[in-house]
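A, B and C label the chains in the order they appear, each numbered from 1.
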């Protein structure tokens, strides 16, 4: 009878899965890493994670979302550790007892990109907030990720410093998308946006956008690892989180970060900072 | 239940229904105080649409629930204590639509046997036998969807016979067929029923089908059986106006063939010979149907030359006015009904008790051969 | 236009060289969506048939619920499944969030109402007397249901196509409950989204083409069966 064939097929398929890495017993061997789309899009983890997994036997599940969402996952104990770049929010996160052991891993920097015609005439400026002022007064199109990601938080910080509230302005458009897609929209609409250098470099070949402003201290983008507080969330894989965090600041890993992207883009995407203090960055 | 087969008592009816009542939406749609069917007989249910024939068939086969009353199979009450499907497995039902399954003709005919989990070899044997019976062996591997209506209904009947049912229930199985395929299928079914002697309950609205296939006839209307008995009795002596208007239209005569030669034959009816067209065997019992509009009345003294072969002298029993014409019942040694126009009624000055000459052509007689029944 | 041509070239290259990563992603897509479809067939066909064959109070309401469920937005399903499967959520003890099993679960939830709705319609459009005919052939109730399902096999094939087509092309729920983890829960749709945001349009187009090809082949096979069964 036909039904028997279906049942057999179903059985075979479920067996296939049981053979996989999904069995519940392996729980403590998996680590859920909450991180940002910008790090995933750069491809850095595809180099680092296999090395870590091979060394330790852990299985890392990278959940790439915005920094904001990643921190909500951490807050609820749904992730074991975070690798994020939203310093002010991170400090609050640790202060509230959600996370422990916040350590600086690396940085890259943000750049203001836009069409080479540069209608707001910002090219060559040193100050990010000055550039934003010009964009606002020229009513030149600006695209915001508006997704509470680290990049978005940084962008809002700059607006605040320039004394402008762009919310609701016609020239200020919110995409609600990740970095890569927002860059694509900006290129398509010939608008300005704030981007991390790594993602911009990775996408550069398909974009008609140029770097217009860079080098301001406020544009530095620091990545920290934060372990989720196991005292608060007992189900968290604390040992795994510690192991991965240690791996990220280890000499070997820092060495890989230093050269990552050089072969492809001609310059590194990230600068290793393990052991440094946040205040020392950019000097 | 299985032992019952070995000790079949011919005196116990195969199926009995007592105080059967079915109600739908507060309306009584079936009410049968008593009905009994003997082993091997064919009972036809005749009546207009909505008379309750289908309801009765479906109730008898436990397809329609709930109902009140009792059904007895070989003297034992069928109840819902034991699985109803065991009772249903003794029956087979054929509907007006073929209701075939979306598979080959062979698999359709085999379906009832497969439901019974019969062994493959046995199934093949029985299916082939029944395909052959209904002349559809050549269609065995065809998809049921490609069949004509006639072929499909043959398949449906073969499927029912393959079960080798103790009772066969037929619900207007010929109603959707065109006349030629209907005629040939009735012929085949008649032959098969005669051979298998399967007890059959057969619903129809066609008097001639009923007359031809049944031992007894039950006239139904509004959920009730109005009259039940041998077809000639019901047709010639209807108990009320409804039965009369539905089945009592024609004169139905049964007799033995006393002479037969190439194309015409004579039948002896109450000592008189009636001549009809067709082939019949000597001594064969046949039924003759004569429509009242084909009977011509004339004055007994007239010497008009008529081409009609059958001329009888009779007495007027009753005259019923029916608008533009009158129905005249005669006694010619056998009962005979004729229609006459109001004009000729006056010309002949017919009254009850008066003598009259009745004539009808041999070609106007519908012959029903009932050999072997 | 160049981009699309590049994408097609890349897709062919990836297909011809049996690129291990693309192969893994494709196989996982088939496995996850195939299993989800099978589960939805088991649940959808059985409940759909039961509802079609029975009369009960509130049947209309239930049927309208099923029909609404046929258009269940995948992201909404993804959201609820995620919340339920969180470690500290009501079903957290299973520990299956960010696994292919969670993706199968979400996709089965998306496909089940589709299969159920089509089954319901398919069984209801069979002639009413067919049930009586089957019972009068001596079938038990279970045998009758099985025969009815076999009779409705052509529209049920459409249910398979609709269900599978719906889940293999779905991205929202898979992304949320699977996490798009490389080599583990990354399927064609989530990989396409990721490659797009990385700006690897050629790769994204290649994955898109493989997805289309896959959906096309599976529908082609099922349509083939369906057409073969059609009356000539």
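Just so we're on the same page, a residue touches a chain if its C-beta (ideal position, glycine included) is under 8 Å from a C-beta of that chain, and two chains touch if they have at least 3 such contacts.
Bear in mind that the values here come from a model prediction, so they are computed numbers and not experimental data.
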Longest centre-to-centre distance from chain B, chain (CA-based): A
Central chain of the complex, centres being mean CA coordinates: C
Computed distance of Cα centres, chain B from chain A, in Å: 87
Whole-Å gap between the CA centroids of chain B and chain C: 55
Whole-Å gap separating chain A and chain C, where each centre is the average of the chain's CA atoms: 32
In the complex, chain C residues that touch chain B: 127, 129-130, 132-133, 135-141, 143, 147, 150-151, 153-154, 229, 231-232
Residues of chain B that touch chain C when the two form their complex: 58, 61, 63, 83, 85, 88-89, 91-93, 95, 97, 99, 101-102, 111-112, 115-116, 143, 145-146, 159, 163, 169
Interface residues, chain A side, partner chain C - complex: 3, 6, 9-10, 13-14, 16-17, 20-22, 24, 27, 32, 37, 40-41, 43, 45-46, 49, 59, 61-64, 76-78, 177-181, 183-184, 202-203, 205-207, 233, 235
Chain C residues within the chain A interface of the complex: 31, 34-35, 38-39, 41-42, 86-88, 92, 94-101, 146, 179-182, 184-185, 194, 196-199, 201
